[in-house]
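The data blocks that follow each hold one structure.
Shared between the two complexes below is chain A, which has chain B as its partner in the first and chain C in the second.
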Partner chain A sequence: MTAHHRPALGPALAVQGRVVFALLMREVLTRYGRHNIGFLWLFVEPMLFTLGVTVLWSLTKSLHGSTIPITAFALTGYSSVLLWRNMPGRCINAVEPNRSLFYHRHVRLPDIFAARLLLELGGATMSFILLGVIFCGLDLLEPPEDLLTVMTGWGLLAWFGMALALLLGTLSLRSELVEKLWHPFSYLTFPLSGAAFMVDALPRDVQDLALYLPMVDGVEMVRDGYFGSYAHAHYDAGYLVAVSLILSLLGLSLLMLSRNLVTVDG
Partner chain B sequence: MNERGNELPGPSRRWWLRPLFVTCVVLPSLMATLWFGVLASDVYVSESRFIVRGQDKATPTALGLLLNTAALGHGTPESSAAQSYLLSRDALAALNHGNAYAHAYARPSIARLDRFDPLGLGGSFEDLYKYYLTHVRVDTDSAAGITVLSVRAYTAADARAFNERLLRMAETTVNRMSARARQDLITSAQHEVIDAKAAARNASAEMARFRNSAGVIDPTRQAPIQYELIAKLQDELIEARSDRRQLTIIAPQSAQIAALDARIAEIGTRIKEQSGLTAGNRIRSLAASSEAYERLSLDADFAAKRLAAALASLEAAENEAQRKSSYVERIVEPGLPDAAIEPHRLRAIVTTLAFSLVVWGVITLLIAGIREHGS
Partner chain C sequence: MIRLRQIAVTYRTRQGPRPILRGIDLDLARGEKLGILGRNGAGKSTLVRVVSGAERATSGHVERTMSVSWPLAFAGAFQASLTGRDNVRFISRIYHSDFRRNIAAVEDFAELGAYLNEPVRTYSSGMRARLAFAISLIIEFDCFLIDEVAAVGDARFRQKCEHELFHRRADRAMIMVSHENEYIRNHCNRFAVLEGGMLHPFNSFDEAHDALAAILAWQPPVDPVSPEWSIDAQTIA
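Moving on to the complex of A and B:
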């Protein structure tokens, strides 16, 4: 972008919208295809997990004696993890399968990421909503107490996931170490992510440490909206915003710097 | 302005950047500087620390310890109760007696936006409660059990006064709970003692009445004496009869025979009288009274034992209550701050500046990314 070459924002945005949408549709088809149950896997996998946890938890009721609504606990926990963890997973090495697309002038590096991020966001959100509705229908779940808080928490968590994904995705262009390290890291963060515990159940001094993990704040916020008065949620939305913002800045600057790294023939 | 004609070398670039930069960075930073640098009122924080002491703590098992500290570590129920009371509407209502709290936080010397009910629109108790929650903090450290109560106010004296009052209210609450728990423990034991006393008194009164009416002290002890008496009389009867038989053989005309006959008859009636008393006569017989007596003495025995047990359990309950009683022990008295420690003015301004710069950076980059498509 140079000073003598400044196109208008509006038309450019329209072009980008069309490009991203086309990439998104392409992504849906290549990922899920038409074989098997296709697109439905998006819901079936988290659904199986949530049901499994609910069953295990109910069977061991005598051991823990806890009264929190476990289905809601498992649903919010796992869906949140899916939301923020799959985004980086999808964006790392996102370029390689799409390299040939750079032949088209309008397809830019950010579009590839945008399409994948939007698909992840849409998929995770749809599965969260659909499972919530199904479980409500099956009487396994109470409807959320405060929908706005759930949505805000979900949105912030998505932002955090996107920013992280952008950063890791662009880093993976420069070093394949990112991919190698991400896998163990993503598994390690699962027990730490707040999916499997409520911060309120931790000892006081550990609580403060746990809240330094941004995804814990996000999950707690979603749960705060879901459980409301049932449970006492601890979170700092401001912290989550700050982390996501800084990650966004880093990710976007790196993305801008990496624009010319990618060409059709690599 | 997308035409090349507008793209003058230097200024035009700034023209594009400026509105974004102004809205994202300059304006927020200026507002922060104005607010934190000039307008915002000083906040004085008065802090006190206390511990709720004297609860009965069961010796934890290894597993219990693990679960307690890992899953349920929230201090003791009493300190949670104190915390929950301090952050309740009840506490605020007591604190706001005569609108003292609302007045203290609505002084004209306080910056308008810091005041309670800045526009004079919503002065409801719920609004005050919301406001109260942003000015009072209660933190309990579950490991040490120490509760920190900090009150933020706009004068040092206010901060300390409200902290002191809240602390005293917390003390009252804990004392009331403790007294109630002790009362619960002791009351039932006391009732039991009263009942047992009444029963014991009844039983001994019954016994006395029985003794009066039956003319017997203790049938089980009196019966042998009576039998002895009868046996003696019978001995005498046998003796008298054999005397008479001898006399009739040796001296049939003796005048003593009549006297012996009279004696035999007399002994006979005595024996009849005595044995009738022992067995035959239902009302006066010892056998009859022994039945009633057994019953009464069993009652009395039982009542005495029950009283002893009740007294023992009362003593135990009193001991237990002594152990269970809890009270607030102040560690740090509410302090009188001599300087305002909040707001962190410079820090807040710098934070705003840094934050807005990041926002601006992100938006700029996003726009640049979009613009790439318009080439």
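Moving on to the complex of A and C:
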């Protein structure tokens, strides 16, 4: 009647959209429940992190070059890390808590990833925007100089995070080493991520090395848009696109090969 | 119509690949109710999951031209940390079915009372079965897949299922797996035994049941402590 073997693209996309939305709502409920502020934690939690780091860095003032506005430096830096780093964390071992839902034919592995990635993207972006607006309102921050560059940098970082998450999330189906190694790796990349330094402040020969880290290019681009006239930003957007594209292709191919790895209970 | 062609499923185990289904052909039309018998581990639940689409066959082809339920089984289908009500909401979204109508019907049919607002993990298996049946009946599938759970629940719930599933929805198709012989005998009109990865059709329940009984035939092992041995043991002592 309705469930044909290979439905047309339009209806198939409608089903996909419905499933991802249902999974997203379910995810919000299991993560945040209906207690106290409920789903608002989605962006209040990253806001608290970013706020804390901003206060700490403003007090110590040790981490920035002379003319950089410290609030903008901390907001862009820490928000960017939260954006790309939490995505792989949410996609690694995403299957286990959702396994019983695979009883429903329309629920597929890519839907689970999509729901979690959309949620992370939404939370980090809401937190970044809200804090920006609040800081501006309190005169702690000047509005971005070039909003389009901020948005492009943010979008590219999100793509990088999603592609990395897709690849690592799918790999985690094959080996539990992925989860074990991701924790120290993500912890160690924080000092290297560009959140706590500007490339311009690095020694000349280290600068080129730092830009090989895709997330450094992304943060520099966001900062170029936010306060480019205060600091000379270094980045190669083309490089970030290339890395994200390669990670996406690897992740999607592996996902296609892994469809049979996901089984329901029993 | 549900059409299975040369369905094979092989699981990877530590001991290497283990074939569960070895090329199953099956046609099921509306109104046909297939009861599948088989010993534990024969692959009955696997077959049901392949028919539902919850699991992909290693090879072969499944064609569904009617809507097929998820496997109504003891495990799966629900998020245990969510309440019954939230699970109804989730399933309504997935199957594009009106939540408010569904929740009213579930309250009426499943008779879970205040438990509908408790996490499903606190439910007994009978309560889970009631919830699963209630939702699947409202979504109105053309084919119901029932893996063991039909025979759970008290007499009142069985009577309700009897009425809703086998009388009001007598035109639907059904695949039923159960160790409760009478349930299969009374509710199915096609019978098969799953053994050795193949589905063997039989004309009547009794023929299927006899064939299974031959497979299951069990002899008590010969007592390993033979009289000679015990005498030896005493001599040594």
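As a working rule, the second predicted complex is superposed on the first by the 228 of 266 C-alpha atoms of A that agree within 3 Å, B and C clash if a C-alpha of one lies under 4 Å from a C-alpha of the other, contacts with A are read in each partner's own complex, and residues count from 1 in each chain.
The rule we apply is simple: contacts are C-beta pairs under 8 Å (C-beta built on N, C-alpha and C of every residue); 3 or more make two chains touch, one makes a residue touch a chain.
Because the structure is a prediction, the values reported are computed rather than measured.
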Open item on the list: With both complexes superposed on chain A, which partner does A:Asn260 reach: first (chain B), second (chain C), both or neither?
Closed with: second
Open item on the list: Just to be sure I read the superposition right, which of the two partners does A:Leu211 touch: chain B = first, chain C = second, or both, or neither?
Closed with: neither
Task: Touched partner set for A:Ala22, first chain B, second chain C, both or neither - done: second
Open item on the list: Once chain A of both complexes is superposed, is A:His106 in touch with chain B (first), chain C (second), both, or neither?
Closed with: both
- [ ] May I ask you to decide whether A:Val95 touches chain B, chain C, both, or neither, giving the answer as first, second, both or neither?
- [x] neither
Open item on the list: After the superposition on A, what does A:Val243 contact: first (chain B), second (chain C), both or neither?
Closed with: neither
Open item on the list: Quick check on the superposed pair: does A:Ala165 touch chain B, chain C, both, or neither? Answer first, second, both or neither.
Closed with: neither
Open item on the list: Looking at A:Ile70 after the superposition, I want to know if it touches chain B, chain C, both of them or none. Which is it: first, second, both, neither?
Closed with: neither
Open item on the list: Residues of chain A that sit at the chain B interface in one complex and at the chain C interface in the other, please.
Closed with: 1, 3-5, 15, 19, 105-106, 259
Open item on the list: Could you list, by residue number, the parts of chain C that touch chain A in their complex?
Closed with: 45, 49, 52-56, 58, 62-68, 70-71, 73, 75-82, 86, 89-91, 93-96, 142
Task: Footprint of chain A on chain B - complex, ascending - done: 2, 7, 9, 12-13, 16, 69-73, 140-143, 355, 358-359, 361-362, 365-375
- [ ] Show which residues of chain A lie in contact with chain C when the two form their complex.
- [x] 1-5, 15, 18-19, 21-22, 25-26, 29-30, 98-107, 259-260, 263-266
- [ ] Give every residue of chain A touching chain B within the complex, in rising order.
- [x] 1, 3-9, 11-13, 15-16, 19, 105-106, 108, 110, 201-205, 242, 245-246, 248-249, 252-253, 255-256, 259
